[in-house]
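Shared between the two complexes below is chain A, which pairs with chain B and chain C, respectively.
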Partner chain A sequence: MSHSHDRTISVEALARVEGEGAMHVEVADGRVEQVQLRIYEPPRFFEAMLRGRTYLEPPDITARICGICPVAYQLSAINAIESLCGIGTPDGMPMPDGIRQLRRLLYCGEWIESHVLHIFLLHAPDFLGYQGAIEMAADHRDLVEMALRLRKAGNQLLEVIGGRAIHPINVRVGGFHRAPTRTELQEMVPELLWGREAAIAAARLVAGVEFPDLDQSPTFASLRPEQDSLPPGATGYPIEDGRLVTNSGLDVPIAAWPEHFHEEHVEHSTALHGRMTDGGTYLVGPAARFNLNADRLPAEIADLAAEVGCAEAVTNPFRSIVVRAIETVYAFDEALRLIDAYDRPETPAVEVRPVAGTGHGATEAPRGILYHRYTLDEEGLITDAVIVPPPSQNQPAIEEDLLEFVQAHLHLDDDALQWQCEQAIRNYDPCISCSTHFLDLTVRRR
Partner chain B sequence: MTTLVLGVGHPDRGDDGAGAIVARALEDTEGVVARIVSGDPSSILTDPLWDTAERVVLVDTVRTGRRPGTVHRWSGQRLLEHLPATGGGTHDLGVATTLHLAVALARLPDDLTVIGIEGTSFEVGHPPCRPVRHAAAMIAAALAREIGDPEPDDVVQVAIRIVDLEVGVDAEERGDVRLGES
Partner chain C sequence: MCVECKLRGNLCVAGAHGTPCLGPVTQAGCNARCPAFDRGCYGCFGPAESPNAASLAAWLEEELAMEHPDLVRLFRSFNADAPAFRRESRRHEPEEVAT
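Moving on to the complex of A and B:
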């Protein structure tokens, strides 16, 4: 039954998201009582697997958690371990500029690949009225061809710096196994220049679609690099490091994470749910990053953001596709800046000696903050590991958003409501494999 | 004449490594450009040879419920009937969706063969199971013969060497290969 006041809607398998799960909606007397994202993809036990391993192993092991954001896992792990071992800390051994540049450049490749895939091949069909990328490709061939070429540019960065596009093998604690030459990086410049212009055109294109109304004002959380730590020419939009900030006034170092955020089990999901220690929900990801760091965009990209309707904070989750497009432009622009400034390090890595204690690290994965914490013993063996991926943090807030969204769209029949719910969930680009850790929908209308 | 051989799958995930074995066995065969596609399959659409090679052969592990090592071979007009598009996830589009995307873009090669090797185990850090390894070796040899390699048996030896030495499988584990046609 589609339009009764009591209703149950079940989405049994959501398309164009990663992983396996379901969505269940309970409606009674015309009111949405409950929305649950039921994640049933099996837990993956990476944290337990890390115990007993050496402090040098997390970058390679945790990279295997995700095929599209392995760099995020590698660099969050490295940040945690290096901060504990006194590398790149205010009173520790400085990290050479060349290694810092390569890490950020590598991460630009990952942002480009992930954002372009999501914008054009997974999310754009929603707004252009297609079931998927294949149906869209028949009418928008140039758009899809452009997306494939943009992704290739991102992959090229990953291959040249990381050794390969999936699960890079050139990354290590202390730096890289081999630092590419300046010439190797310069060879990518023409395609990156094309990519920046293509991404600008793409941002203007996606800004022109019609967005459903949904205004949310959650707590946004992201990283924000310290102004003093920025190298010359950098504007400091957060990617591979920064302090933890929120729009509710939090501004703390990453080591303070456990004091402000925690994870909890919920019965309907194998993925942990992230919450603030006061019990509140929060959102990480492109919109959070943008809303908290728009002032850190280069002037030309800030102007573009204003032109495409993002002059102020983005509170409609459906407009996240525009933010991703802006960030894609930034990733190309930043890659070009980094290549121009690249100073090949004398050695590709610095020596890192283990220190007993607990280290915290976080980076901005394409989907938001990825936090790692490792405890090492005197020999450098891991005795405890905690990994908090972006989708886990966003799930409670997504459920809250969906509750309001479903309530406003209860007039739709079940098929139409399911389609709209799937579209709403894709706003957050959830990656269930990372969070365990997507979508069957059941709506129960009673 | 150039044949592009695409070995899809991850070399370190059990039976998923079958495509990589075939690609590596053929990489020195004249007239063949062999690539291992261990990431997003849609990346094959950005390979210039996808549009210019006279022939494209894509080898991947499949699961249809038949015995491990069973070989499926699809080509021609009916190819996509056997490979329904799945829509893709956030990580990649998958082989079938990539091929349907190629059709939508009017870029499906005229001469495309998809070879599927039935697999069952995809555990990280494990080699392909024996029937899958042997099917991969035999497919490499069969493709070498089709392509006109004068010594296709050498390809078998290369494939066995990859399996024995690099994947770490004991030679005594070898057995017969079942070749099937779907």
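Moving on to the complex of A and C:
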């Protein structure tokens, strides 16, 4: 498919990323002219499929966009619809604490299973020098077994609260279909305590690998909960809500998204490209969250972050694996705190009546901000839906990153360059869907 | 899927709570997850063998007063094009759309 140029580096299928994508690099006179991340998966038309459905259906339908982060889709959709319908808004009906706790707890389970998947099964083989997790398991059986057990602990949260680890069925607009009892949650505590300790060990382990040099200062964007919205005992690291903030000073409610961010179509990708309104690129994800919210970590985890080399802002994308590990520790810690504080709601859901208009919602998916917007008519039917997932927002920034990275590594031979480029892409955990085979690389240079 | 609710000891959400449920026409295998969480089955495993979707739709219409657009949406989700569900969703659409 790729056009032949005199000097092209063409990675036809990226391995160990969720999905099918390719990388294409053009070099002229020893200078990298262009880097394209080509997403060739066919478009999936979810936004069109949502038109004509009722305001209660997006959690079930949008969950299917991703098997790794379905909760992100469910809760971003719910935030958008509930904010429109006056639930949990400053002048609207308050959302009971128990439901808020369950949502965050469910989301902790998703962060755990998603982060552990990426740290150990997709990303660690790069640093330890293996083609994949299977090959890595031959020499590091204990590590892979620990990773699988950690994932299982996250999945257990999804099953107990969500009713299913992949595409949970218990999540609805207004709350849940059934609220678990305190006892059901308490039963998970021993495994979560183990998980927190194992995750701390994992953070120390991944911090000890060798990281290639790369220093960047992109615009980072993440959510950040308002200080006075935090329940007692919560430190407020962003997961299931917050205002939209950047390191360039933006601090606005989610409803202001369209004024500051937009998506555009580019020829080489079926995924849209997210940009800021001024045309600049920006990054979402663990590094962005951490850099903008490190002050929101509990003291013990902040100390751990400092110990594993994240005392200050993380500007080397290769170190994102360490940030994921820190966030995994936080997710276990937060899950334990939430179970301890859990106050089973009297009714599992509050009643939500449709309101005509447009609602905006966002949450922090494991890979960064996930924004949803729905327009409803008087009957509560969806007339328009917009979903902006993290990877499309990151795509232009990844391309910029790679351009600089390839330029600095042109002296490498083909195999080494391919290996490093793929690794650079995997820093961002781009979620396109699921691919396991290795890639073909062709390099043509004068 | 109804048999799995019986095996699991679930209360019938359709009969007892009046919650629309596709359990009677849906392939078993999930251990009746949705009714166990007090919600109706949305048919994600697809139609069962020889489902009587028309009979279920008539019951939903008569007993739960479900309206045609809601019946269309109920049968037209993750298995919209499975013949039994496709046929049933089309039966409840206005004719000019159904053709």
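Throughout what follows, the second predicted complex is superposed on the first by the 426 of 446 C-alpha atoms of A that agree within 3 Å, B and C clash if a C-alpha of one lies under 4 Å from a C-alpha of the other, contacts with A are read in each partner's own complex, and residues count from 1 in each chain.
By our rule, contacts are C-beta pairs under 8 Å (C-beta built on N, C-alpha and C of every residue); 3 or more make two chains touch, one makes a residue touch a chain.
Remember, predicted model here, so these are calculated numbers, not experimental data.
Undergrad: Just checking: does A:170 make contact with chain B only, chain C only, both, or neither of them? Give me first, second, both or neither.
TA: Second partner only, chain C.
Undergrad: Once the shared chain is lined up, is A:132 touching chain B (first), chain C (second), both, or neither of them?
TA: Touch status of A:132: first partner only.
Undergrad: Output check: A:117 vs chain B and chain C. Expected answer is one of first, second, both, neither. What do you get?
TA: First partner only.
Undergrad: Identify the partner contact of A:178: answer first if only chain B is touched, second if only chain C is, both if each is, neither if none is.
TA: second
Undergrad: Where does A:401 make contact in the superposed view: on chain B (first), on chain C (second), on both, or on neither?
TA: In the superposed model, A:401 contacts neither chain B nor chain C.
Undergrad: On the A-aligned overlay, A:82 touches which partner chain: chain B = first, chain C = second, or both, or neither?
TA: neither
Undergrad: For A:64 in the superposed arrangement: first (chain B), second (chain C), both or neither?
TA: both
Undergrad: Now for A:26: first (chain B), second (chain C), both, or neither, which partner does it touch?
TA: neither
Undergrad: A:422 in the overlay: touching chain B, chain C, both, or neither? Say first, second, both or neither.
TA: neither
Undergrad: For the overlaid complexes, name the partner, chain B or chain C, with more touching residues on chain A.
TA: In the superposed model, B touches more residues of chain A.
Undergrad: On chain A, what residues does chain B touch that chain C touches as well?
TA: Chain A residues touching both partners: 64, 164.
Undergrad: Of all residues in chain B, which touch chain A in the complex?
TA: 38-40, 42-43, 45-46, 85, 87-93, 97, 100-101, 103-106, 124
Undergrad: Touching residues of chain C toward chain A in the complex: what are they?
TA: The contact residues of chain C facing chain A are 33-34, 36-39, 42, 44, 70, 73, 77-78.
Undergrad: Across the complex, what residues on chain A touch chain C?
TA: 53-54, 57, 60-61, 64, 163-164, 167, 169-170, 172, 176-178, 348
Undergrad: For the complex, give me every residue of chain A touching chain B.
TA: Its residues touching chain B are 15-19, 64, 66-68, 114, 117-118, 121-122, 131-135, 137-138, 141, 144-145, 148-149, 151-152, 155, 164-166, 429-431, 433.
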